[in-house]
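By written order: A, B, C, D and E. Residues from 1 in each chain.
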Amino acid sequence: MSGDPASSPLLASQSLCLIRGGRELFRELSFEVYAGQLWQIEGLNGAGKTSLIRILCGLSRFGFEGEVVCNSPLLYLGHQPAVKALLTPRENLSWHVSGDGLHSNTQIESALARVGLSGYEDVPCHTLSAGQHRRVNLARLFLSEAALWLLDEPFAAIDKEGVDELQTLLTAHVKAGGAVVMTSHQALQVNCDVRFLNLGAGVAA
Amino acid sequence: MSAPGTLQFCIRLLRRQLLLAVRRPIEISNPLVFFAMVVALFPLGLGPALENLAGFAAGTLWIIALLSNLLTSDAVFRSDFEDGSLEQLLLSPQPLYLSVLAYIGAHWLMTGLLLALASPVFALLLNLPGQALGTLVMSLLLGTAVLSLLGGIGAALTVGLKRGGMLTSLLILPLYMPVLIFGSAAVQGAVSGIPAGPYLAILAAMLCLAIALAPLAIAAGLRISIDA
Amino acid sequence: MFVRRIARCIIAVAMWPIFHKFGSPPWLYAISGAILRWMLPVTLILLVIGAVWGLMFSPADFRQGNSYRIMYIHVPAAVVALAGYYVMALAGAINLIWRMKMADVAMKAAAPVGAAFTFLALFSGAVWGKPTWGAWWVWDARVTSMLILLFLYLGVVALYEAFDNKEAAGKACAVLSLVGMVNIPIIYKSVDWWYSLHQPASIKLTGESTIDPSMLYPLLLMIAAFYALFTCCLLLNMRVELLRRESRTHWVGSLAKRECSDVL
Amino acid sequence: MSAPGTLQFCIRLLRRQLLLAVRRPIEISNPLVFFAMVVALFPLGLGPALENLAGFAAGTLWIIALLSNLLTSDAVFRSDFEDGSLEQLLLSPQPLYLSVLAYIGAHWLMTGLLLALASPVFALLLNLPGQALGTLVMSLLLGTAVLSLLGGIGAALTVGLKRGGMLTSLLILPLYMPVLIFGSAAVQGAVSGIPAGPYLAILAAMLCLAIALAPLAIAAGLRISIDA
Amino acid sequence: MSGDPASSPLLASQSLCLIRGGRELFRELSFEVYAGQLWQIEGLNGAGKTSLIRILCGLSRFGFEGEVVCNSPLLYLGHQPAVKALLTPRENLSWHVSGDGLHSNTQIESALARVGLSGYEDVPCHTLSAGQHRRVNLARLFLSEAALWLLDEPFAAIDKEGVDELQTLLTAHVKAGGAVVMTSHQALQVNCDVRFLNLGAGVAA
């Protein structure tokens, strides 16, 4: 596996094995994520992408073998948007349960504007459309200071323009010394190196 | 951006939970309305035994408080689990012990505190003698806090299950019983002129124990539930 | 967290060999089989001697006549039911602290057994109550706390069933039974107080001090027999659970092959 | 593929709902356990004095049956709403009146029927005199069916709301009251030797009325909720 | 608007107007869907695609102006998959609440196989992955006999191969005389005519 051997990896997994429902999803999966890398986990539906990401971020603690070492604050965005339907986008961001930062009002407004939600800052989130709802969650990417991002299908329900914008952001984050591990069923169009982790074959390439 | 202090974070969580409750005014008034309705149900159901009601007012009020706590504590973490907020809370760098206390605190403010403050009205409806009102309020204040903490344990353990609704009650009703016994004994004592101090002291001791231990169990339960 | 880690280190270093073995399912399966081989007959003999002695050879109570003989079922069942909860909670604690899978098996196996003994105590008590108190049920302190104990057991069983991920189920039940363990003394204390406050007259006709040795010895024997019975049930239940969990592993496969060839 | 007859469809729905309940055995036994626990709460709160309990047994049992129906009826349509099945049900070519009856029927089988059958045990715990047991079971059989139908109305009206949990109880408790009054009066009558026939007849009449009208209200409620 | 004027349309909308949250989403939207047509509703997140589809299928009945006439049995698949987590895929399909058909076991198995779920027929759906969960719902397309399909983002969470398979199915359905009205943020790759309804501009093209 490549990467700058001088620095220590942000995230390292050692011989991860997972069996679910009697099917072996992956075996002896070892890889290291260094600053400046963008990893895309690939695989068909049911290949084990979500399971892997949950193991990597520490939410799954039972039922798998191997070890994960994480040396950096991380930001995890999962399938569910973690957006409270009764709160407004502004409140959702400023009182976020993740408690990783205290953001000023202007920061929050500019993040919401970046995800195309200016004008929607103060309506309850349950009146937003499916894509807008997910965008509130994505706004956290513009606020986060964590170096390591673990994103599970961040493009789901997002329109084409939104996907382009997000890809630009991911590139910028990686170029600025961050790292991204993400899943997506779409091919990424970013102008930086993408490393693939193909779960279908169970190999890290 | 600046890193928030732990205390600041907890206060933010508390405000968030309270605001969520306030957004649906029905949520706040509901325990009260439930309380009022069951107070009304009792004479209807027990009919001819009405004159006995005064003697039973203390216990009845406490049972209703307990039930209305039971009904609401199931939901403390459920919506956060369903929309993914709970995952984010567990990944947060903040100490889970304190975050959990903020959730429970908000729950208690919206149910226990309100119930305790409103209880004299219901007590009068059930003919509870006036000299026991103070004890009733005090015992409810202390007791419902313990109930909220214990209820949180059940809620945390069952939040990941597909349909845990009534399982929670099975898990925590046995734990509620000592609180019920001391709480109603305190009020009953006050009715018959026995000083309620010792009972209230025991309730306070239970509260201390619960504050110290319950958040640990809740935190452990949440970590398990998120993984189920 | 920190305390737990230190405790785990100390114990692990001191007791590594034993822990290592307890952590191994085939070893546990074998050793429990060996224990059962002599424990089952001993239990049976104890039960028969105690029952025959208590039911046929000890004198009738001068106030209750022969109905008191239910005591030889009731009291041992009640005693063991209580002890069973602590076994379960202890196993749960070991599972949480040292992540020992076999403790999880023990806890899972203990819950239904404990519930059954509690139910037996309640049921025999109710049957006894009918001739003695004139009612199937009385809200006496002991009786009530026993009922709560049954609910605690049932809660553990139900919670375990409700989880799909059985590893998570084990941890959840461990937390629950530990919470229950803190609560059991409180429950007992509170119910005792409640009883002394509201119950004007004592109901129990016989107390420990007044019991005659001719009744006491068979009772003690029966208590010992019930402890042995509990152990047997627990071990049997654990073995079933072990086989179910490890059904995919090599050792169970070869075991099954051997058993089949034995039968054929 | 062939188009299913309406009756066949309803039976399939009923089986589906029952299977969903059976998949989590805990769901079935839970109303029973809840019943048992609240039966245990009453003496704890009110004191164990035997002679008083017997007088209260009839009303108390009915109140608990009502509460345990109340707690579960909230969930009749919720999970179907959340996973989108309800939309599909509303778009179905089958008559909604009958589908709704299948849902309510399943709910009653899992709560009311089980409760009624198990109630003699709890009645003995509360020292209800033996001659009233038959009336208790009959009144619960009829009464809980009415409660399930009424509860369905509340559930249908609130299923689209974000957090309707306790709103349901607020909406339907007043509707429950007549059932409670006649049900407990029937049992109380049987205890004191009055023939319970007329009360039971009234309950049966209520049931007929509810079967005729409640599904209409439920269907309308569902159509409104899905659009909220 | 084109289409075979001789036959009557399967679905006709007349001057639909919708205002939500103070924003006008569409106005004077009139179009007719004939057998053999594939319509894709386009628009950014929050353009009103979901709102429009729910109006078309009759789930939304209040709060809009205009009229919708539907002359055909329809199949609507929405954002939510209508799959019961506690039931298995087989049970979900054979006891489906929509009650539009009585399917034999072999029909159900072949439909599940078509969506790549053979081998998963009898596991509870909550153990399926996000994409597999949605695929259970999509299997209804293989069973349905309705002529008109209203699909709200059917490709969400589905992997590339699944999307290809679905597009083949949609083409076949349209060619066999059915009609499809769907939303998607991906460009369709089908070899039949696609008609677009662009909500961003509020015009039917």
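The working rule: contacts are C-beta pairs under 8 Å (C-beta built on N, C-alpha and C of every residue); 3 or more make two chains touch, one makes a residue touch a chain.
This structure is a prediction, so every number in the text was calculated from the model and none was measured.
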Chain at maximum distance from chain C, centres defined as averaged CA atoms: E
Chain pair with more C-beta contacts, A-B versus A-C: A-B
Whole-Å gap separating chain C and chain D, where each centre is the average of the chain's CA atoms: 36
Chain centre separation in whole Å, for chain E relative to chain C (CA means): 57
Gap in Å, rounded to a whole number, between the CA centres of chain C and chain B: 32
Euclidean distance of C-alpha centroids - chain B vs chain E, Å: 46
Residues of chain A engaged with two or more neighbouring chains: 62, 79, 85-86
Of all residues in chain B, the ones touching two or more other chains: 24, 79, 162-163, 167, 170, 173-174, 177, 181, 188, 227
Shared interface positions of chain C, touching two or more other chains: 148, 151, 154, 158, 162, 164-165, 168, 171, 194
Interface residues, chain C side, partner chain B - complex: 96, 148, 151-152, 154-155, 158-159, 162-165, 168-169, 171-172, 175-176, 178-180, 182-183, 186-187, 189-191, 193-194, 197
Contact set on chain E toward chain D in their complex: 57-62, 73-74, 76, 78-87, 91, 94-104, 107, 124, 143, 145
Residue ranges of chain B touching chain C (in the complex, touch as defined): 153, 157-158, 160-161, 164, 167, 170-171, 173-175, 177-178, 181-182, 185, 188, 206, 209, 213-214, 217, 220-221, 224-225, 227-228
Of all residues in chain B, those that touch chain A in their complex: 1-4, 8-9, 12-13, 15-16, 19-20, 23-24, 79-80, 82-94, 99, 223, 226-227
Chain C partner contacts - residues on chain A that touch it in the complex: 62-63
